[in-house]
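Chain naming follows the written order as A, B, C and D, and within any one chain the residues start at number 1.
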Amino acid sequence: MTAEPLGRIHVPAMDEILGRPFQVLDNGFVRVIDYMGSDESIVQAARVSYGTGTKKARQDRTLIRYLIRHHHTTPFEMCELKLHVRVPMDCWRQWIRHRTANVNEYSTRYSIAIDAAQTTTPGGWRFQALSNRQGSSGFLEEAKGIKLSEREHEIQDLARKVYNERLDADVAREQARKDLPLCTYTEAYWKIDLSNLLHFLSLRMEEHAQLEIRLYAETIGNEIVSRWCPLAWEAFNDYRVDAVSFSKDEQALLRVLFREGPSAAVRLAESLGWLPVENGKPSQHFERSEFEQKLGKMGIALPWQTGTP
Amino acid sequence: MTAEPLGRIHVPAMDEILGRPFQVLDNGFVRVIDYMGSDESIVQAARVSYGTGTKKARQDRTLIRYLIRHHHTTPFEMCELKLHVRVPMDCWRQWIRHRTANVNEYSTRYSIAIDAAQTTTPGGWRFQALSNRQGSSGFLEEAKGIKLSEREHEIQDLARKVYNERLDADVAREQARKDLPLCTYTEAYWKIDLSNLLHFLSLRMEEHAQLEIRLYAETIGNEIVSRWCPLAWEAFNDYRVDAVSFSKDEQALLRVLFREGPSAAVRLAESLGWLPVENGKPSQHFERSEFEQKLGKMGIALPWQTGTP
Amino acid sequence: MTAEPLGRIHVPAMDEILGRPFQVLDNGFVRVIDYMGSDESIVQAARVSYGTGTKKARQDRTLIRYLIRHHHTTPFEMCELKLHVRVPMDCWRQWIRHRTANVNEYSTRYSIAIDAAQTTTPGGWRFQALSNRQGSSGFLEEAKGIKLSEREHEIQDLARKVYNERLDADVAREQARKDLPLCTYTEAYWKIDLSNLLHFLSLRMEEHAQLEIRLYAETIGNEIVSRWCPLAWEAFNDYRVDAVSFSKDEQALLRVLFREGPSAAVRLAESLGWLPVENGKPSQHFERSEFEQKLGKMGIALPWQTGTP
Amino acid sequence: MTAEPLGRIHVPAMDEILGRPFQVLDNGFVRVIDYMGSDESIVQAARVSYGTGTKKARQDRTLIRYLIRHHHTTPFEMCELKLHVRVPMDCWRQWIRHRTANVNEYSTRYSIAIDAAQTTTPGGWRFQALSNRQGSSGFLEEAKGIKLSEREHEIQDLARKVYNERLDADVAREQARKDLPLCTYTEAYWKIDLSNLLHFLSLRMEEHAQLEIRLYAETIGNEIVSRWCPLAWEAFNDYRVDAVSFSKDEQALLRVLFREGPSAAVRLAESLGWLPVENGKPSQHFERSEFEQKLGKMGIALPWQTGTP
């Protein structure tokens, strides 16, 4: 392997947005502080593994798509992104669970807490989801929302007053902050490699992720990664975000459906316990519902009656 | 290496406290759910490295002390501890920054938030530290504390009311929680290996750590690790917690002090910029203050006048 | 959450095999030293997230399958396995690339290298794969293998002689070992949580993994994990190992195939560049070949002519 | 915190050496492929924690030294370095044990193994250390070395021949490599943040590290980190590499020595078991020897007779 002189890799589309905040929520943002590498670096690292002889063997796009398709993740670790983010703390609590990142957070032990908490518009209050015990679904009517937003203002206002009273009494900042609302904004530098970033995005852009962090994830993906490593971003969407997976049982159902027809598929589903009946009526079965959605996306007619709950 | 039959390693002193909560703060706790290994496992793992021939070469205690002294950390990774903890969220925010642990936290998206927030007694309000911008030092007089505790009750009470109003209006739990106080209690299973646990303890038992997390760290160390791996715990205290380190400059000062006497040491300190003067008076110098404390602990007289700020 | 007294979780099927070596290759093994947790611990940890109220809401098996299906990996991190393994070093080089594990390896700096290198039977020499540049495929005829195995013996024999000569000359063990064959056996304690272990197995039981490490992975999976956490093992196989994933393009092809028929599917495949022609003949296209295999498994007839390379 | 426009941070001294190989051993090298950040980025990240108000409060050098002194490691994680290295595999086996790095290694499954193994000059054969069972110490006389180097040539030569015979017989590369010498060169891209790099250097530049990896570590430290982040490098040397630590017992000995004189110190050492006697003669005690070395560096006379083994 020759050791040729090198220049640093630059991505002009990234240099253009360096330091520019993309707004998220009422008072949050994401902005790029620095980056290392590009699509080209992924290819460069993959080719270390393959040795010099193969340099022209595949085109870059084909290689990147191959790597994503076959879960060869290490070349994507060769790209690194450093962001400056401003996020409500309850959203940050979810964010920080991703452990393979470097973090420097604004310290409310050292400094006075940022004077901003996430607020909700009267139309922005979400219903508890029925089907998904941990999610939300749809919005409350605005009349109810007005009252809720007033009370939100009231509690945030009192919390800040109490905080300031403590500071005025010379209470330590580390203790004074204890009753600030969970949605008080914090800031952080967050640095992560592209492989782990894509994993973060796949979990946090997903429809079951909480709306707030989903908005951050979508901003990072659509505004930043798409500019930084467009080939990796495209492949990630084609083979991860927009992919669909069939389990062993689902494949068996499809096989029977195609080879033996709908009634055989119904019989198999029954034997798998996928068509439960309660009080004489078909009842809910999560795994079957998920399968029905997948069939719908593929344009395949359901072998059993639609409209089962 | 022979592959003899094995029984599982048990530590009777741990089996006794399994599941028993040790209270921390007004409403928190730490309790052991499970553990893997013991002092014996550390030795066993270290001896894999050394091969069979040396099995009796060193006594266990000597070997464990040697490993700690020389930063051979991997054998300590062979022990694993699983705790169930109940902690205020603002304390948990510091805790979770230790990335090499496994975590399952109580979900306030899925379930209703725990109805408890950390409260402060009138005598429990701490002053902002002067010397250390991020710490606290001493307590406010109780008369002032009474008022602060009343206001704490008021804000916590309102926050819980607002939370319940939202739930009553069928707002999603993931959104309803947003204005709960930062010190609302959460619970988690937290699993970590002994090497990373000792690192956690060395940082969180330290005097600059915030009081709340320090109390948790001390409970884990003194009540749990001391029972689980007493030899490792003793060595950790002798070679880490109670050790003192001298930098290159500090060693140079000591060398000059011992060989040439106090005035030579003062001259060296001056040339290092350790004895700054402001408006004709000696002024603060953090590194010198730290050195003075170390000399004090060793019983060595200061070469310069004591009482410099 | 109540803090009831606890006993340690035991898995009788694991206690039975504790310390018992499962042979792999000619001279290697895998044996269980200790374990923490079981299927029950996965459920227990998941329910911390869900709070007390839901304890009986789902059956254990259903919950574990749900967790695997939806990539909720953290409860699986609550189980920990400690193995003692004996592995050729060139296989260990692949093994050790999995970073989220704890390791104590036999030290050939400290001790004399294990006197065993992996040997190959005359029938065990594998051909370089044609389709997959990094794999193998089929076996050389035994006549050729005899010669190769003789030469293997010769080189391993000389390497050991040279090693011993160096030791006899009092050369440091750390240097004497430098020309031992890559396939010299080493031993290690290897400790990992179940979530990361399943990830390891999914990559190393895969058909593209090298045969040697695949044999270790299969032994760990089929002999150990299947006994330790049978529900997790079953779910892992159904939703990971035996699952099949369709990319965005593949779904589009299926949709067109089902709705508009084979000729429309062929037109789409052509427009995607999946049916390249070279010198008037259909040429190789990796992604199409992978798709054809998936269709085969589902019992769906190919829309284009089979037999394309 | 304002969100000002940003340029990328450049370090001219690094740009100059980009891609340039620094030779290590007979055939190895280390060269910089890319970097993110500088001393300035460490300061920038630390100040996120401290908020805007303190921007001019401390000079950069003082702040960086404070961070290192107090083990505030996270700001150093904000700098990232990507190297291309060429290393003997037995040295790489030690290197790869540092888990918090990103790696792409040359694949000898995919490509033909690099045709180079580390060779030893007749004067380069090291003795097994007596005091340290895992180290080396001094060199064998050249007359003996000549013979050893000849045999090294012989075994390396045969190993390469056997490898080529296998390739000629169309044996899979993944299997053909199995009897190559451990010191065969490999190459890799290795990417790591500054905090973890300094930890790597502190362990691998240490006198007990094997000579080969020590040479790599010294090259990375002295040639690269010193150019990249000179302030961090200086502080790291002053507070880590050149620091000395005294355990609880060692401090007690010093305290007694200074306050009560040498005979009291001897009595304490005896009661600690530091002055063992075997067959009427003083015998070896590792911890005491280490203490004696530290006293020597500080210019403090030993309280007991020197020359004890």
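The rule we apply is simple: contacts are C-beta pairs under 8 Å (C-beta built on N, C-alpha and C of every residue); 3 or more make two chains touch, one makes a residue touch a chain.
As the structure is a prediction and not an experimental result, all values here were calculated from the model.
Of all chains in the assembly, those touching chain B and also chain D are A, C. Centroid analysis (C-alpha atoms only) places C farthest from chain B. Taking each chain's centre as the average of its CA atoms, chain A and chain B sit 32 Å apart. Averaging C-alpha coordinates per chain places the centre of chain B 38 Å away from that of chain C.
Shown for chain C are the residues in touch with two or more other chains, namely 50, 103, 107, 110, 133.
On the side of chain A, the complex with chain B involves touching residues 88-90, 93, 96-97, 99-100, 103, 107, 109-110, 117-118, 120, 125-129, 133-137, 140, 144, 148, 151-152, 154-156, 158-159, 162, 165-166, 169-175, 177-184, 210.
By the touch rule above, chain B contacts chain C in their complex via residues 1, 3-9, 15, 18-21, 29, 31, 33-37, 41, 44-46, 48-51, 53-54, 74-75, 77-78, 80, 82, 84, 86, 102-107, 110-112, 187-189, 191, 193.
Residues 50, 65-66, 69-71, 133, 203, 208, 237-239, 242-249, 251, 254-255, 258-259, 286-287, 290, 297-300 of chain A are the ones touching chain C in the complex.
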